[in-house]
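Just below is one structure, and these are the notes that go with it.
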């Protein structure tokens, strides 16, 4: 590098990744110590923090040099080099660049719109920032141990966030209390992480017995390339990873925690939960599963593909008959995550880049939908689609953006949903025609239930009881317009994201 | 002729009788007595081993006997403490039957 | 001659031990315990360790049994002399027999026990005393602390407080 | 004539401790009735002084003392430091409790000090008799402490159960020792392991003797067949004593078990292989039984008792893997014990603070604690999350370190079950956290009459900060501990 | 020619501007879209003249070997995914200028201009006037993009955007429940059709490796693609076309789409959007031609749709629905002609039908505007109230009926010629029946509303502003003159046949016998209509009673609508309900809560071994001891 000023800059660059994680977590710790101010002041503080993190994440995304690729901003510090060799490594790859940006945006949105939390504001923001910090950590860490640590850290606050600030709903024939939703979510996610933990330990033991104990991705990748992991080993460890990470990204039989979690969670939390938390699973499968255990990936790819397609169709069909807005969005995110899983299962570069783009676009889409549904619930105190109708009359801003989000989710060209799904279809058609056909059919089914939802609740004659509801407040307006504009921008010009994603996928494909 | 095996068998028998006493008896005091029997069985074993093997191998200066002395002292201390506890519980519940000590279960 | 003496004392010992465990009357079992401890002292004599026999007699026979009798006297309630076994006693019997079998099988199988010279070496008081205070000094100190703790503990527990809330 | 390798100065900490105990007992006479907590404070200052004495006198020493009866090395140094700190913290948290609930308060602190002495000697001893006597010293102190609140029938019942169970198992321990003695001729660990390794056809009497000794120790650490006493004793005992039992006694027992396994078992490879499988089964059973039953508990102390059984199962699985190949297992065990101690203090101190005045027992009585006493609720929550092994707390790193070393030892399936057990434990910890944070305060149990004085507050803050800091940056602590792995090259 | 991409871009900008600041300048909101469309027309005419004088810059333009027409395409890189070089997909924003795109784009721009002028008057007092114009602008930009795009991906993007605009415009008055249901139905049905299109595009990409149409046609031409794949790709594309052009199974949405404002129906559901399906088949014609089976399917579907729709049109009561069915019928006719290798005829008919149907719809708009009712039985005698509309309406209707000298005659005749030549006798006869039916319903739509005795008072019918009549006049002129281009076109290509053709240009030549037969049949149908509706002969009344059952079926549109409704209500929704129930009960309560419940019960069972009594604990301990002892003795002794 030229001159020391550059190395200083380079130095400054490298710790930027660390700052991005440390800032929310430090802020959470500081909040704990602060004397208890009003919830509003904590809201203000956490919004400032999230604006800064958003700035850094945009900076990281922008300055990711798409020509060189590989992991940049790498920052490693030996953490525990006695016995088991764990070093705190961070690094930004092509894929994690867009994911970091996604998390920056969604975290900022979540903080801004949760201004209406009165009860124990401080604890809410402490947990929210820990959640955000944890997710940043997962995307940035280049070390298996810290990947898992941040992965668990992101799951930790979910219980309290949902159980304390959530809302129970009574559906007549069955009730979903917030405690039930929170407990189920926590137990399913930690049960999934049991599988991942066993997998990680198995990998570490292999490296330890091989004489080079390590957790770093690069090392593991190099070891697995020159054949350290036998095929049977890769098979069962990849299976653990697939199910473990799959559960978090709503894999079919284990998906029920996500809709129930959404129904119970407050708006900001379900934004982060659906927008970002579910992406950790898919990110894990791609970043760890495929890179470190390529042979295992190849053996289990058909199963993941089939489960993915089941996810898509099953999610779309069950969304069709839901009566609660959040349930519909919950099942639609299960269906969209099915696309991501199919994309990852294609194991070809188009499919995976489609999957990553879908992760990004679905993240933004669901976050937008949850902001709007949260706003509707905050005003109409019900999410039952039979009760709500003709909302566009009273809340034009919210409803127009809801229509935009709906059309993005059904894959209308010009919005990011289409490009991502199209790339996944291209990836899948190379594998098998029928799965691609079913996937496209899934998109059509999405159209059916989205249009049914819009026709039933948004447009149509106004009910007398709902006629005096106020429109979105200033924060909801800003956040929703920002998210919608991101959707349109990525939809019209996907090269914004695809350049960095392609580079990231290239490194992954070289492992296969 | 008298061999070590006889003493060992004797201590085994005494030990198992003591064991039966501990398991079968209802009154706490009798359980304490049974434990005394078991400890005596242990002492017999120690002294017999020390006496017979004196001289060969590591059996130098009658460690068995010293061990017995320590065991007797500890046993004495233990009986004292156990009976104190039994009296305290008798004062509260007017019975020493082990069956009735089950406020805390499951 | 030793054999005859040993067999007499051991039968007395076992009879009394069984008596402690079987008898219906609590005072009888206490007395049986006293005789059992005395016959153990006899066993020590057979093993030519007079000092230990005296120690056994004094401490066990004298102190411990007396304390137990005191405890029996203090904890009299309506069904004073009669004591029953708890309803688990058949299982206890089976367990005790099983333990006895396993132990004795291990003794019979063990080669080391067999080829032990069958001469009994007398243990003089002088050698016991010297090794007690030289090689085993640390355990001796600890034993004293244990006695101290037992003492304090017994007092703390058994002391009846004035206000006795 | 005291044997030649008798550098008694190395036992300085023990003598000082014994003296301190006697001084404390004596001071009880002088200090008037109302001010008994000063006895405790004296004891604390004494222990802090003792801490310095131990650090200066015994740091980095590694030699046999007193004709190979005791081994003063880094292993015992680390655990001595742990025991003293545990003692200090226990005295601090029990000050309020003793003042409010117990009679004859002075002796309480003296017994605690003697218990610490018993633990120190227990882990230093290289010979079974000293081990037995210090075990008895420790157990006697604990018997008395458990039965300390005389007028509470639960405490009496717990003490009776504990003493009967204790003496019965020490009788078994002694019988095992006598069998081993009649074969080996001496009670030194080195001699026993020498004869065991040498004798080709393993002698049944010696093997059975070792088995009975292990059963005696097994009772102390509370693994499956011998765990039945733990719930009743933990529930019956006064809360600070429960804390001491769950932390101090458990660490001492496991340190002693590790000492015995390394000293006696490892040299005899073939013997140890069979033992490993038996201990592994018992570890699995302990984990599942402990965590399984804890789910359905309604009383807080009983739930914590079963959870500590679960943790003993985890620790036992670490002992199982303790092959002579690598020191990593010992490091992870030591690190786990320290982490466990710190976290349990965070939980137990807060629970003592909550329960000492209004005798609350059920989990649902903790409802709404987070509104009335946020610090206590936060301390319990952080402690429980760390016990469940969630990140950023010390619980996660210690569990990760331990499970990786178990897996390295070749027992990956055991590590898998251990991870599964910590999942189950998360469930009932969450129930507790739910009652504190989510449920609203029930009318009849009011928590705001609790006043948390400075000693309790310092303990809570110290343990919370330690739980978080050790979780985030364990480097210095682990460096300290990993010298004990040189145990394998004495 | 290379500035064609400006047309969609300008109107897209107009869309953005109007939607952003529309409601501020409510009344003048039409300025920007109007400006955009005029500019577009200018660029279009400039480009058209440049093309006609064949001033091609050879670097971009070349004569396609397969279709034989000269096309110029310009493209710019859009995005590329996957590892560059290895298996990656790169997409381009490209557009092609060739006779097909020129003609369809011309139709779209011209009719859009007319409709925009018309709707200034028609939509004047609507509260969301600005939103109407912004969506109009978006529609025009996406329609032109559809016409111009040179690769299937961009085509699909435009295809969906056009669907979106139709959804927004049908559901324009979203307060009315029927409007929102119609919009939902339209978009869902077209979306189901698009599934086929998308899968087809995926298959194309697999075969050809890129979305570019010219690559596909070269590969098809050189025979590298197997016949089965050609059939499946073309079948899937045709599925999409059927969806958009409301062919037989997918036609249900078009009649309901009449809920939207009439100018919208005129522009979208008459001229441009519905023609997109025909345009797609024409664009992919080299593909369709390769598989004989496909051509038969296209013609059969076209035929069935045409006949079925025509029958319904004869009995339908609502004027706009009647016109919708006539559109479906004519689209079926175009598909039939494409199926019968009548490439030029189909496109010519598309243009002619576009202009005349737009005229008819604007006419119905006038009626709607003045008397606010569209039920033709309640009208009658309108010629006295709206003389100008009557004349214009008649011109449009007669042109579609195929009266000579009007544009409809030329194209319809050309279509019939190609059907007779290339298809067997069944098609010929049925096309004759079709001619009769179209003549009959056209005359019916003229007589019943306009002539005959007025059966309601028209006193309050308000006058039509000039701005509504002018565009109809211009359209009428075009309808009259347009037919002649079949004979003569300015510039290099002498006539339309040589301008737009498939594989070899062939000039238009009038087949005297077929022309006469069709003319006779049309006049016959006129007479027949006259007898029924003016003279009201009794024999027709009792014939109507006798054929009660058949008419009743036709009136309810063969119950297809009800069939779909039943299909959805009885099959899809309950199935969805079942899946949701299955999900909640089986997957959730059993699958997820199950293990939790099992562990809890196991926990509560095994806790009973802690009985609280000390001797049980001790017994437990001794059993443990004995078991261990036995194991050890077993190991040591055995």
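Labels for the chains are A, B, C, D and E, by order of writing; each one numbers its residues from 1.
In this text, a contact is a pair of C-beta atoms (placed from the backbone, for glycine too) under 8 Å apart; a residue touches a chain by one contact, two chains touch by 3 or more.
Predicted model only: the values in this text are computed from it and were never measured.
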Closest chain to global C-alpha mean, per-chain Cα centroids: A
Pair of chains joined by the greatest number of C-beta pairs in contact: B-C
Inter-chain centre distance, chain A versus chain C - centres from mean C-alpha coordinates, in Å: 71
Distance between chain centroids, defined by C-alpha means - chain B, chain E (Å): 98
Chain C and chain D: spacing of chain centres that average the CA atoms, whole Å: 31
CA centroid of chain A to CA centroid of chain B, Å: 65
Shared-contact residues (touching 2 or more other chains) in chain D: 129, 133, 136, 140, 143-144, 147, 150-151, 159-161, 164, 168, 179, 182, 203-204, 207-208, 231-232, 427
Residues of chain E whose C-beta touches two or more other chains: 596, 607, 610, 612-616, 618-619, 622-623, 625, 629, 633, 636-637
For chain C, residues that touch 2 or more chains besides their own: 86, 88, 91-92, 95, 99, 102-103, 105-107, 109, 113, 135-136, 139, 143, 146, 149-150, 153, 157
Every chain pair meeting the contact rule: A-D, A-E, B-C, B-D, B-E, C-D, C-E, D-E
Chain E contact footprint on chain B (complex, rising order): 19, 22-24, 31, 98-99, 101-106
Chain A residues within the chain D interface of the complex: 25, 29, 32, 79-80, 82-84, 120, 130, 134, 145, 148-150, 152-153, 155-156, 159-160, 163-164, 178-179, 183, 186-187, 190-191, 194, 197-198, 201-202, 204-205, 208-209
Contact set on chain C toward chain E in their complex: 86, 88, 91-92, 95, 98-99, 102-103, 105-106, 109
Residue numbers on chain C that touch chain D, as the complex places them: 102-103, 105-107, 109-113, 134-139, 142-143, 145-146, 148-150, 152-153, 156-157, 159, 161, 164-165
Chain D to chain C touching residues, read off their complex: 1-3, 11, 18, 25, 66-67, 69-70, 103-104, 107, 110-111, 114, 117, 121, 129-130, 133-134, 136-137, 140-141, 143-144, 147-148, 150-151, 159, 179, 182-183, 199, 201, 203-208
